[in-house]
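One structure is given below, encoded as C-alpha coordinates.
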Amino acid sequence: MKLKIKTFGISRDILGGREVELDMNGTSVGDLRKTLSTRYPTLDKLNSLFIAVNHEYAPDEKVLSDKDEIALIPPVSGG
Amino acid sequence: MKLKIKTFGISRDILGGREVELDMNGTSVGDLRKTLSTRYPTLDKLNSLFIAVNHEYAPDEKVLSDKDEIALIPPVSGG
Amino acid sequence: MIEITEQPIEVQKVIEAASLKEAGAINTFIGTVRNQTSGKNVVKLEYEAYEPMAIAEIQKIIDRAAQQWSLTGWAISHRTGTLLPGEIAVVVAVSTPHRKESFAACQFIIDSLKQTVPIWKKEFFEDGDQWVSAHP
Amino acid sequence: MIEITEQPIEVQKVIEAASLKEAGAINTFIGTVRNQTSGKNVVKLEYEAYEPMAIAEIQKIIDRAAQQWSLTGWAISHRTGTLLPGEIAVVVAVSTPHRKESFAACQFIIDSLKQTVPIWKKEFFEDGDQWVSAHP
(Lines give C-alpha, C1' and ligand atoms only; values in the text may rest on other atoms or scores of the structure.)
Protein backbone atom coordinates (compact mmCIF):
# COMPACT_ATOMS: atom_id res chain seq x y z
CA MET A 1 0.00 0.00 0.00
CA LYS A 2 1.24 3.48 -0.88
CA LEU A 3 0.86 6.12 1.84
CA LYS A 4 1.65 9.79 2.24
CA ILE A 5 3.17 10.47 5.62
CA LYS A 6 3.42 13.87 7.29
CA THR A 7 6.54 14.40 9.35
CA PHE A 8 7.27 16.72 12.26
CA GLY A 9 10.20 17.68 14.44
CA ILE A 10 13.14 15.34 14.25
CA SER A 11 11.19 12.82 12.13
CA ARG A 12 11.21 15.38 9.32
CA ASP A 13 15.00 15.57 9.48
CA ILE A 14 15.20 11.77 9.38
CA LEU A 15 12.71 11.19 6.55
CA GLY A 16 13.86 14.29 4.66
CA GLY A 17 10.61 16.05 3.75
CA ARG A 18 7.35 17.48 5.09
CA GLU A 19 5.35 14.75 3.40
CA VAL A 20 6.98 11.51 2.33
CA GLU A 21 5.49 8.81 0.11
CA LEU A 22 6.05 5.33 1.42
CA ASP A 23 5.32 1.93 -0.09
CA MET A 24 4.61 -0.36 2.86
CA ASN A 25 4.02 -4.06 3.43
CA GLY A 26 0.80 -4.82 5.27
CA THR A 27 -2.11 -2.63 6.25
CA SER A 28 -1.88 -1.77 9.95
CA VAL A 29 -0.14 0.92 11.97
CA GLY A 30 2.09 -1.84 13.36
CA ASP A 31 3.05 -2.84 9.81
CA LEU A 32 3.84 0.79 9.03
CA ARG A 33 6.11 0.90 12.09
CA LYS A 34 8.06 -2.09 10.77
CA THR A 35 8.45 -0.57 7.30
CA LEU A 36 9.61 2.73 8.80
CA SER A 37 12.04 0.99 11.13
CA THR A 38 13.61 -0.94 8.23
CA ARG A 39 13.76 2.05 5.90
CA TYR A 40 14.82 4.65 8.54
CA PRO A 41 16.62 2.78 11.34
CA THR A 42 17.54 6.11 12.99
CA LEU A 43 13.89 6.40 14.07
CA ASP A 44 14.53 3.56 16.56
CA LYS A 45 16.90 5.80 18.49
CA LEU A 46 14.15 8.25 19.43
CA ASN A 47 12.70 8.29 22.94
CA SER A 48 9.34 7.44 21.40
CA LEU A 49 7.53 7.51 18.09
CA PHE A 50 3.76 7.57 17.82
CA ILE A 51 1.73 7.41 14.67
CA ALA A 52 -1.32 9.61 14.30
CA VAL A 53 -4.18 8.73 11.99
CA ASN A 54 -6.68 11.48 11.18
CA HIS A 55 -5.39 13.61 14.08
CA GLU A 56 -5.65 10.84 16.68
CA TYR A 57 -2.92 8.76 18.31
CA ALA A 58 -3.40 5.32 16.71
CA PRO A 59 -2.76 1.88 18.21
CA ASP A 60 -0.68 -0.67 16.27
CA GLU A 61 -3.81 -2.70 15.45
CA LYS A 62 -5.44 0.13 13.54
CA VAL A 63 -5.92 -0.66 9.85
CA LEU A 64 -4.90 2.06 7.45
CA SER A 65 -6.50 3.32 4.28
CA ASP A 66 -4.79 5.46 1.67
CA LYS A 67 -7.33 8.18 2.41
CA ASP A 68 -6.16 8.53 6.02
CA GLU A 69 -4.07 11.49 7.10
CA ILE A 70 -1.03 9.81 8.62
CA ALA A 71 1.61 11.62 10.65
CA LEU A 72 4.72 10.74 12.61
CA ILE A 73 4.78 12.08 16.17
CA PRO A 74 8.28 12.03 17.66
CA PRO A 75 8.63 13.03 21.36
CA VAL A 76 6.64 16.22 21.84
CA SER A 77 8.20 19.22 23.55
CA GLY A 78 5.61 21.97 23.56
CA GLY A 79 5.08 24.50 26.32
CA MET B 1 -1.58 52.97 81.34
CA LYS B 2 -3.32 54.97 78.63
CA LEU B 3 -3.07 53.57 75.10
CA LYS B 4 -4.31 54.54 71.68
CA ILE B 5 -5.63 51.53 69.80
CA LYS B 6 -6.18 51.31 66.07
CA THR B 7 -9.15 49.23 65.02
CA PHE B 8 -9.94 47.39 61.79
CA GLY B 9 -12.77 45.40 60.27
CA ILE B 10 -15.37 44.26 62.76
CA SER B 11 -13.29 45.46 65.74
CA ARG B 12 -13.89 49.04 64.55
CA ASP B 13 -17.65 48.46 64.64
CA ILE B 14 -17.34 47.03 68.16
CA LEU B 15 -15.05 49.70 69.61
CA GLY B 16 -16.76 52.47 67.67
CA GLY B 17 -13.88 54.42 66.15
CA ARG B 18 -10.73 54.23 64.01
CA GLU B 19 -8.53 54.95 67.00
CA VAL B 20 -9.79 54.45 70.54
CA GLU B 21 -8.14 55.59 73.76
CA LEU B 22 -8.13 52.98 76.46
CA ASP B 23 -7.07 53.12 80.11
CA MET B 24 -5.81 49.63 80.91
CA ASN B 25 -4.70 47.78 84.04
CA GLY B 26 -1.26 46.18 83.68
CA THR B 27 1.41 46.53 81.02
CA SER B 28 1.39 43.48 78.75
CA VAL B 29 -0.54 42.45 75.65
CA GLY B 30 -2.24 39.82 77.80
CA ASP B 31 -3.36 42.54 80.24
CA LEU B 32 -4.69 44.57 77.31
CA ARG B 33 -6.69 41.54 76.17
CA LYS B 34 -8.31 41.31 79.60
CA THR B 35 -9.22 45.00 79.66
CA LEU B 36 -10.68 44.76 76.13
CA SER B 37 -12.65 41.65 76.99
CA THR B 38 -14.17 43.34 80.07
CA ARG B 39 -14.93 46.60 78.30
CA TYR B 40 -16.09 45.07 74.97
CA PRO B 41 -17.38 41.53 75.68
CA THR B 42 -18.59 41.24 72.06
CA LEU B 43 -14.92 40.84 71.04
CA ASP B 44 -14.95 37.39 72.66
CA LYS B 45 -17.43 36.19 70.05
CA LEU B 46 -14.96 36.65 67.20
CA ASN B 47 -13.23 33.67 65.61
CA SER B 48 -9.93 35.16 66.71
CA LEU B 49 -8.44 38.47 67.83
CA PHE B 50 -4.75 39.22 67.56
CA ILE B 51 -3.00 42.31 68.82
CA ALA B 52 -0.33 43.89 66.68
CA VAL B 53 2.41 46.04 68.18
CA ASN B 54 4.44 48.16 65.78
CA HIS B 55 3.15 46.20 62.75
CA GLU B 56 3.99 42.78 64.23
CA TYR B 57 1.70 40.12 65.70
CA ALA B 58 2.51 40.32 69.43
CA PRO B 59 2.47 37.50 72.03
CA ASP B 60 0.59 38.00 75.32
CA GLU B 61 3.89 38.38 77.23
CA LYS B 62 4.96 41.44 75.27
CA VAL B 63 5.22 44.55 77.47
CA LEU B 64 3.65 47.68 76.02
CA SER B 65 4.78 51.26 76.03
CA ASP B 66 2.56 54.25 75.28
CA LYS B 67 4.80 54.97 72.27
CA ASP B 68 3.89 51.64 70.60
CA GLU B 69 1.52 51.54 67.65
CA ILE B 70 -1.12 49.11 68.83
CA ALA B 71 -3.80 47.61 66.59
CA LEU B 72 -6.59 45.06 66.87
CA ILE B 73 -6.51 42.34 64.22
CA PRO B 74 -9.84 40.49 63.95
CA PRO B 75 -10.01 37.47 61.58
CA VAL B 76 -8.40 38.55 58.30
CA SER B 77 -10.21 37.96 55.01
CA GLY B 78 -8.01 39.37 52.28
CA GLY B 79 -7.59 37.91 48.82
CA MET C 1 6.68 44.78 44.04
CA ILE C 2 4.19 44.86 46.88
CA GLU C 3 1.27 47.17 46.29
CA ILE C 4 -1.91 47.97 48.19
CA THR C 5 -4.03 50.26 46.09
CA GLU C 6 -7.47 51.81 45.77
CA GLN C 7 -7.06 51.91 41.97
CA PRO C 8 -8.12 49.04 39.67
CA ILE C 9 -5.29 46.52 39.40
CA GLU C 10 -3.59 46.22 36.02
CA VAL C 11 -2.80 42.51 35.68
CA GLN C 12 -0.29 43.05 32.89
CA LYS C 13 1.73 45.44 35.08
CA VAL C 14 1.88 42.93 37.94
CA ILE C 15 2.97 40.11 35.62
CA GLU C 16 5.65 42.30 34.08
CA ALA C 17 6.94 43.26 37.53
CA ALA C 18 7.37 39.54 38.31
CA SER C 19 9.00 38.54 35.03
CA LEU C 20 12.66 37.97 34.36
CA LYS C 21 14.51 36.58 31.34
CA GLU C 22 16.00 33.80 33.45
CA ALA C 23 12.52 32.78 34.49
CA GLY C 24 10.96 30.24 32.10
CA ALA C 25 7.78 29.97 34.16
CA ILE C 26 5.40 32.57 35.50
CA ASN C 27 2.34 31.66 37.53
CA THR C 28 -0.30 34.25 38.22
CA PHE C 29 -3.27 34.05 40.55
CA ILE C 30 -6.09 36.54 40.13
CA GLY C 31 -8.79 36.75 42.77
CA THR C 32 -11.99 38.42 41.60
CA VAL C 33 -15.20 39.36 43.35
CA ARG C 34 -17.78 36.61 42.88
CA ASN C 35 -21.35 37.61 42.15
CA GLN C 36 -22.62 35.00 44.62
CA THR C 37 -21.64 33.76 48.08
CA SER C 38 -23.44 30.74 49.52
CA GLY C 39 -26.33 31.35 47.15
CA LYS C 40 -26.81 35.05 47.94
CA ASN C 41 -26.25 37.81 45.40
CA VAL C 42 -23.24 39.96 46.19
CA VAL C 43 -23.92 43.66 45.55
CA LYS C 44 -20.41 44.89 46.40
CA LEU C 45 -17.44 44.25 48.65
CA GLU C 46 -15.45 46.64 50.75
CA TYR C 47 -11.81 45.88 51.50
CA GLU C 48 -9.71 47.63 54.07
CA ALA C 49 -6.07 47.05 54.96
CA TYR C 50 -3.79 47.93 57.85
CA GLU C 51 -1.38 49.04 55.22
CA PRO C 52 2.10 49.21 56.79
CA MET C 53 1.56 45.90 58.59
CA ALA C 54 0.00 44.28 55.52
CA ILE C 55 3.07 45.18 53.47
CA ALA C 56 5.38 43.86 56.20
CA GLU C 57 3.42 40.59 56.43
CA ILE C 58 3.43 40.11 52.65
CA GLN C 59 7.19 40.67 52.67
CA LYS C 60 7.56 37.92 55.31
CA ILE C 61 5.56 35.54 53.11
CA ILE C 62 7.78 36.35 50.13
CA ASP C 63 10.90 35.77 52.24
CA ARG C 64 9.58 32.37 53.34
CA ALA C 65 8.72 31.47 49.72
CA ALA C 66 12.19 32.53 48.58
CA GLN C 67 13.71 30.12 51.10
CA GLN C 68 11.77 27.20 49.64
CA TRP C 69 11.76 27.91 45.91
CA SER C 70 14.02 29.67 43.38
CA LEU C 71 12.00 32.83 42.87
CA THR C 72 13.43 34.91 40.05
CA GLY C 73 10.69 37.50 40.43
CA TRP C 74 7.43 38.19 42.23
CA ALA C 75 4.78 40.87 42.50
CA ILE C 76 1.65 41.22 44.61
CA SER C 77 -1.09 43.78 44.28
CA HIS C 78 -4.12 43.94 46.58
CA ARG C 79 -6.94 46.36 46.09
CA THR C 80 -8.85 48.20 48.84
CA GLY C 81 -12.06 50.22 48.86
CA THR C 82 -15.31 49.34 47.12
CA LEU C 83 -15.30 46.51 44.55
CA LEU C 84 -18.11 45.25 42.35
CA PRO C 85 -18.64 41.64 41.17
CA GLY C 86 -16.12 40.73 38.47
CA GLU C 87 -13.54 43.23 39.67
CA ILE C 88 -10.05 42.10 40.63
CA ALA C 89 -9.25 42.07 44.36
CA VAL C 90 -5.78 40.54 44.31
CA VAL C 91 -3.07 39.51 41.85
CA VAL C 92 -0.05 37.38 42.76
CA ALA C 93 2.58 36.72 40.10
CA VAL C 94 5.68 34.59 40.60
CA SER C 95 8.44 33.66 38.19
CA THR C 96 10.79 30.72 38.61
CA PRO C 97 13.16 28.83 36.32
CA HIS C 98 10.88 25.78 36.24
CA ARG C 99 7.16 25.21 35.97
CA LYS C 100 6.31 23.27 39.13
CA GLU C 101 7.97 25.76 41.43
CA SER C 102 5.96 28.61 39.96
CA PHE C 103 2.68 26.88 40.86
CA ALA C 104 3.86 25.86 44.35
CA ALA C 105 5.26 29.29 45.21
CA CYS C 106 2.24 31.20 43.91
CA GLN C 107 -0.19 28.96 45.77
CA PHE C 108 1.84 29.24 48.98
CA ILE C 109 1.81 33.02 48.71
CA ILE C 110 -1.94 33.41 48.14
CA ASP C 111 -2.77 30.78 50.79
CA SER C 112 -0.54 32.52 53.34
CA LEU C 113 -1.83 35.96 52.39
CA LYS C 114 -5.34 34.86 53.22
CA GLN C 115 -4.20 33.57 56.61
CA THR C 116 -1.92 36.25 58.00
CA VAL C 117 -2.10 39.55 56.10
CA PRO C 118 -4.22 42.20 57.87
CA ILE C 119 -6.79 42.87 55.16
CA TRP C 120 -10.51 42.60 55.73
CA LYS C 121 -13.51 42.37 53.48
CA LYS C 122 -17.13 43.16 54.11
CA GLU C 123 -19.73 41.58 51.86
CA PHE C 124 -22.84 43.57 50.97
CA PHE C 125 -25.94 41.60 50.00
CA GLU C 126 -29.35 42.87 48.98
CA ASP C 127 -30.56 42.37 52.57
CA GLY C 128 -27.55 43.23 54.73
CA ASP C 129 -23.79 43.01 55.14
CA GLN C 130 -21.13 41.08 57.06
CA TRP C 131 -17.40 41.07 57.79
CA VAL C 132 -16.16 37.84 56.20
CA SER C 133 -14.83 35.15 58.60
CA ALA C 134 -15.35 37.31 61.68
CA HIS C 135 -17.70 34.91 63.44
CA PRO C 136 -17.91 31.11 63.71
CA MET D 1 -10.34 29.61 23.29
CA ILE D 2 -7.64 27.39 21.83
CA GLU D 3 -5.14 29.23 19.71
CA ILE D 4 -1.94 28.26 17.93
CA THR D 5 -0.34 31.35 16.53
CA GLU D 6 2.82 32.72 14.94
CA GLN D 7 2.07 36.15 16.44
CA PRO D 8 3.32 37.25 19.88
CA ILE D 9 0.83 36.11 22.54
CA GLU D 10 -1.10 38.84 24.34
CA VAL D 11 -1.41 37.58 27.91
CA GLN D 12 -4.21 39.99 28.78
CA LYS D 13 -6.32 38.69 25.89
CA VAL D 14 -5.89 35.07 27.02
CA ILE D 15 -6.79 35.92 30.61
CA GLU D 16 -9.87 37.82 29.47
CA ALA D 17 -10.96 34.88 27.32
CA ALA D 18 -10.83 32.66 30.43
CA SER D 19 -12.58 35.04 32.82
CA LEU D 20 -16.17 34.95 33.94
CA LYS D 21 -18.08 36.87 36.60
CA GLU D 22 -19.00 33.67 38.39
CA ALA D 23 -15.32 32.80 38.58
CA GLY D 24 -13.66 34.13 41.75
CA ALA D 25 -10.29 32.60 40.87
CA ILE D 26 -8.18 32.73 37.73
CA ASN D 27 -4.87 30.93 37.48
CA THR D 28 -2.55 31.68 34.61
CA PHE D 29 0.61 29.88 33.58
CA ILE D 30 3.01 31.63 31.24
CA GLY D 31 5.91 29.68 29.75
CA THR D 32 8.72 31.83 28.43
CA VAL D 33 11.93 31.04 26.57
CA ARG D 34 14.79 30.72 29.04
CA ASN D 35 18.11 32.26 28.13
CA GLN D 36 19.93 29.17 29.38
CA THR D 37 19.43 25.40 29.18
CA SER D 38 21.76 23.16 31.20
CA GLY D 39 24.31 25.93 31.36
CA LYS D 40 24.36 26.73 27.63
CA ASN D 41 23.21 30.05 26.21
CA VAL D 42 20.04 29.77 24.17
CA VAL D 43 20.15 31.89 21.01
CA LYS D 44 16.60 31.14 19.86
CA LEU D 45 13.94 28.44 19.78
CA GLU D 46 11.84 27.20 16.93
CA TYR D 47 8.42 25.74 17.63
CA GLU D 48 6.33 23.80 15.18
CA ALA D 49 2.90 22.28 15.66
CA TYR D 50 0.80 19.68 13.89
CA GLU D 51 -1.98 22.20 14.14
CA PRO D 52 -5.30 20.36 13.66
CA MET D 53 -4.17 17.50 15.90
CA ALA D 54 -2.68 19.88 18.48
CA ILE D 55 -6.01 21.68 18.76
CA ALA D 56 -7.87 18.36 19.06
CA GLU D 57 -5.49 17.13 21.77
CA ILE D 58 -5.76 20.38 23.74
CA GLN D 59 -9.54 20.07 23.55
CA LYS D 60 -9.29 16.55 25.02
CA ILE D 61 -7.20 17.88 27.90
CA ILE D 62 -9.78 20.61 28.56
CA ASP D 63 -12.57 18.03 28.51
CA ARG D 64 -10.73 15.89 31.04
CA ALA D 65 -10.07 18.93 33.25
CA ALA D 66 -13.75 19.93 33.04
CA GLN D 67 -14.70 16.48 34.35
CA GLN D 68 -12.52 16.92 37.44
CA TRP D 69 -12.93 20.59 38.30
CA SER D 70 -15.62 23.28 37.93
CA LEU D 71 -14.09 25.24 35.08
CA THR D 72 -16.02 28.44 34.47
CA GLY D 73 -13.64 29.48 31.72
CA TRP D 74 -10.35 28.56 30.07
CA ALA D 75 -8.07 29.72 27.29
CA ILE D 76 -4.86 28.36 25.84
CA SER D 77 -2.52 30.04 23.41
CA HIS D 78 0.64 28.43 22.05
CA ARG D 79 3.07 30.19 19.80
CA THR D 80 4.92 28.68 16.86
CA GLY D 81 7.84 29.88 14.74
CA THR D 82 11.01 31.54 15.97
CA LEU D 83 11.16 32.76 19.57
CA LEU D 84 13.91 34.65 21.36
CA PRO D 85 14.81 34.37 25.07
CA GLY D 86 12.22 36.13 27.23
CA GLU D 87 9.42 35.69 24.69
CA ILE D 88 6.23 33.89 25.63
CA ALA D 89 5.76 30.38 24.22
CA VAL D 90 2.54 29.37 25.93
CA VAL D 91 -0.20 30.82 28.10
CA VAL D 92 -2.81 28.74 29.94
CA ALA D 93 -5.56 30.56 31.85
CA VAL D 94 -8.29 28.85 33.86
CA SER D 95 -11.09 30.30 35.91
CA THR D 96 -12.99 28.45 38.64
CA PRO D 97 -15.28 29.48 41.49
CA HIS D 98 -12.62 28.66 44.10
CA ARG D 99 -8.90 29.17 44.39
CA LYS D 100 -7.52 25.64 44.81
CA GLU D 101 -9.29 24.32 41.75
CA SER D 102 -7.81 27.05 39.58
CA PHE D 103 -4.27 25.98 40.51
CA ALA D 104 -4.98 22.26 40.12
CA ALA D 105 -6.74 22.63 36.77
CA CYS D 106 -4.14 24.98 35.29
CA GLN D 107 -1.28 22.72 36.38
CA PHE D 108 -3.04 19.65 34.99
CA ILE D 109 -3.55 21.38 31.65
CA ILE D 110 0.04 22.56 31.20
CA ASP D 111 1.46 19.23 32.44
CA SER D 112 -0.76 17.29 30.02
CA LEU D 113 -0.04 19.69 27.18
CA LYS D 114 3.66 18.98 27.52
CA GLN D 115 3.01 15.24 27.41
CA THR D 116 0.52 14.72 24.61
CA VAL D 117 0.08 17.76 22.37
CA PRO D 118 1.98 17.49 19.06
CA ILE D 119 4.18 20.56 19.32
CA TRP D 120 7.95 20.42 19.02
CA LYS D 121 10.74 22.79 19.87
CA LYS D 122 14.27 23.01 18.59
CA GLU D 123 16.84 24.79 20.71
CA PHE D 124 19.56 26.79 18.99
CA PHE D 125 22.80 27.30 20.91
CA GLU D 126 25.92 29.19 19.87
CA ASP D 127 27.49 25.89 18.76
CA GLY D 128 24.59 23.86 17.39
CA ASP D 129 20.95 22.91 17.74
CA GLN D 130 18.75 20.04 18.95
CA TRP D 131 15.14 18.87 18.99
CA VAL D 132 14.20 18.88 22.66
CA SER D 133 13.47 15.47 24.28
CA ALA D 134 13.96 13.57 20.99
CA HIS D 135 16.75 11.35 22.28
CA PRO D 136 17.48 9.66 25.62
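In order of appearance the chains are A, B, C and D, and numbering begins at 1 in each one.
By definition in this document, a residue touches a chain if its C-beta (ideal position, glycine included) is under 8 Å from a C-beta of that chain, and two chains touch if they have at least 3 such contacts.
Here the structure is a predicted model, which means the values were calculated and not measured.
Common neighbours of chain B and chain D, listed by label, are C. If you average the Cα atoms of chain C and of chain D, the two centres end up 23 Å apart. Between the Cα centres of chain A and chain B there is a gap of 72 Å. Shown for chain D are the residues that touch two or more other chains, namely 31, 99, 110. Each of the following residues of chain A touches two or more other chains: 79. Listed by chain label, the pairs that touch are A-D, B-C, C-D.
Looking at the complex, you find that chain A touches chain D at residues 6, 8-10, 13, 45-47, 52, 55-57, 71, 73-79. Put simply, chain D touches chain C in their complex at residues 11-12, 15, 19, 21-36, 85-86, 97, 99-100, 102-103, 106-107, 110-111. Of all the residues in chain C, the ones that touch chain B in their complex are 31, 47-50, 52-54, 56, 78, 89-90, 110, 113-122, 131-136.
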